């Protein structure tokens, strides 16, 4: 934990900064000399919220993670107020999950502190400089090559290609014609109607989606298909209408 | 002069990353035991007689490296700032991955209580973490592991050289009373099954 | 232990290029004479006690270097080591095949802008790539695909587990430009049909 000097309206106020809501809770527990296994939730919740308010007053951005924890504390507090079910075999302490998380986080925080010490010491240890042998280009130990390197290599190649061929990527792109998509959708519907739109769109790339969308609008406009959506954000169904279309005319709708 | 030892010194000298016992033994046509013995002797000799660098057993191999006390001299001579120190967020994330690998970003976020994606990116870039496949759960999140670079950076030879997680954390508060133990369902047992 | 000497050793150890007496004296705040004397002593010490490398006084200054008699050992060691290493060119080719498979050598050459046949040969030899038929175009060139070993190495269960384009920027840490994304996007359909 570090102390950040925050200057507001002429006077200096020192507010400790924390590395997340769990860090803040641990701080409060320590400060109040509270038994972590018997946290007075109401008191800690008040102090936690007071800290968030202080942050707000200082116009510090409060991350969603802190707000989520505040809600969780209130939830636990409300559960603590409920009368205990005496008949239940084992009464689950509403605080149990939070205590577990705090204990776990505290351990990793301690590991991080020991890593921090090592980090400082080991930063001062320098190896021999890398030398290329027989003028060979740089190599990577295969056991150290990860997906990250693979993606990075692919990106490097594509970026270089793009620089060398300003137009070529555009040319190589598979063009999806609106008419093709109209035909594909229409033929699918001939086999089976209605179909789920989501199913038809699955696995398509962006260009295809655009072509499908345009084609679908044309088909609707021509009265060949209909779209139904049962509820807001619900599944969209695509169905044939009783109005047959002339597929040979689809090409008219291709735009360049 | 001992020929094996001289050859080992030559190879170590030109290598900037740890060299494994096996690769040394293979290249020199010697038994690994004999090579290991010589390496120990080189290390002892350097520790006693040479102030500027030492032989360390790290990242699963051996490498020559300077000693921490010369950091200032080196920085000054090479007018280099050196790498910046790792942030607390980065160290926490490393700690979690070190003990729980392979682990996904959502799992890390859950333990830290905050979003860790920016930190993960920094650690990937510094090669202290690597992506090691995907977890077969909804969303197929990437799995992260520590790298050899991580071991070297922290002077570890093997991930198993880390102290047990239980040895960390002066746990705040009183020892658990029995009914709390029952309520919480002691979880610490789940903590130590960290094996690569 | 002599502090000046240790500091000199550390600097020499980290330097690839010869270092001049003056630059050493300046960085260490010592008189050139004192530094020269220490350098001579280091040289003598290494010549007597260390077989693997020496301190040489070359035109440009002083530098640690291996001795000529170890050239063969070093060559042998690095030749073996090279077997487990991948050049940047090979990694790039591997990445292109992974994302664009099945793909022919001319297509790879086109993307990379250089001839890739030597690299392809290496990747086939390492069993990271395989030949998967021929493309029905003029010349019937071979089609290349990644192998099961490739998947195992990268911890993937299926080639479809390769990071997708929307994850691309996240992992790299910077947004991908739209046209590059589009170029990557084209292949996603091609990847789909590969089941090992």
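All chains are identified by letter, namely A, B and C, in their written order; residue positions are counted from 1 within each chain.
One rule holds for everything that comes next: a contact is a pair of C-beta atoms (placed from the backbone, for glycine too) under 8 Å apart; a residue touches a chain by one contact, two chains touch by 3 or more.
As the structure is a prediction and not an experimental result, all values here were calculated from the model.
Undergrad: Where is the C-beta contact count highest, in terms of which two chains?
TA: Top of the contact-pair ranking: A-B.
Undergrad: Give the identifier of the chain nearest to the protein's overall CA centre, each chain being represented by its own CA mean.
TA: B
Undergrad: Which one of the chains is farthest from chain A, going by Cα centres?
TA: Following the centroid criterion, the farthest chain would be C.
Undergrad: How many angstrom lie between the CA centroids of chain A and chain C, rounded to a whole number?
TA: Here the centre of chain C sits 32 Å away from the centre of chain A.
Undergrad: Averaged over CA atoms, how far is the centre of chain B from the centre of chain C? Could you give it in whole Å?
TA: Comparing mean C-alpha positions, chain C is 21 Å from chain B.
Undergrad: Once you find the CA centre of chain A and the CA centre of chain B, what distance in Å lies between them?
TA: Distance between chain centres: 28 Å.
Undergrad: Of all residues in chain B, which are in touch with two or more distinct other chains?
TA: Each of 13-14, 64, 66-67, 70, 74, 124, 131-133, 142 in chain B touches at least two other chains.
Undergrad: Please list all residues of chain A that touch 2 or more other chains.
TA: Chain A, residues with two or more chain partners: 126, 128-129, 131, 133, 141, 143, 146-148.
Undergrad: Which residues, counting only chain A, touch chain C once they are in their complex?
TA: Touch residues, chain A against chain C: 126, 128-129, 131, 133-134, 136-143, 145-162, 164, 169-170, 172-174, 203, 205-207.
Undergrad: Inside the complex, what are the residues of chain A that reach chain B?
TA: Touching chain B from chain A are residues 2, 19-23, 26, 29-30, 34-38, 63, 65, 69, 90-93, 96, 99-101, 103-116, 118-131, 133, 141, 143-144, 146-148.
Undergrad: Show which residues of chain B lie in contact with chain A when the two form their complex.
TA: 13-17, 56, 63-71, 74, 82-83, 85-86, 88-89, 91-92, 94-96, 98-99, 111-115, 124, 127, 130-133, 142, 147-149, 153-155, 165-166, 168-174, 176-177, 180, 182-185, 187, 191
Undergrad: Where on chain C does chain B make contact in their complex?
TA: Result: residues 1-3, 5-14, 23-24, 27-28, 45, 49-53, 64, 66-67, 70, 73-74, 76-77, 80-81, 154-157, 161, 163, 167, 170-171, 173 of chain C touch chain B.
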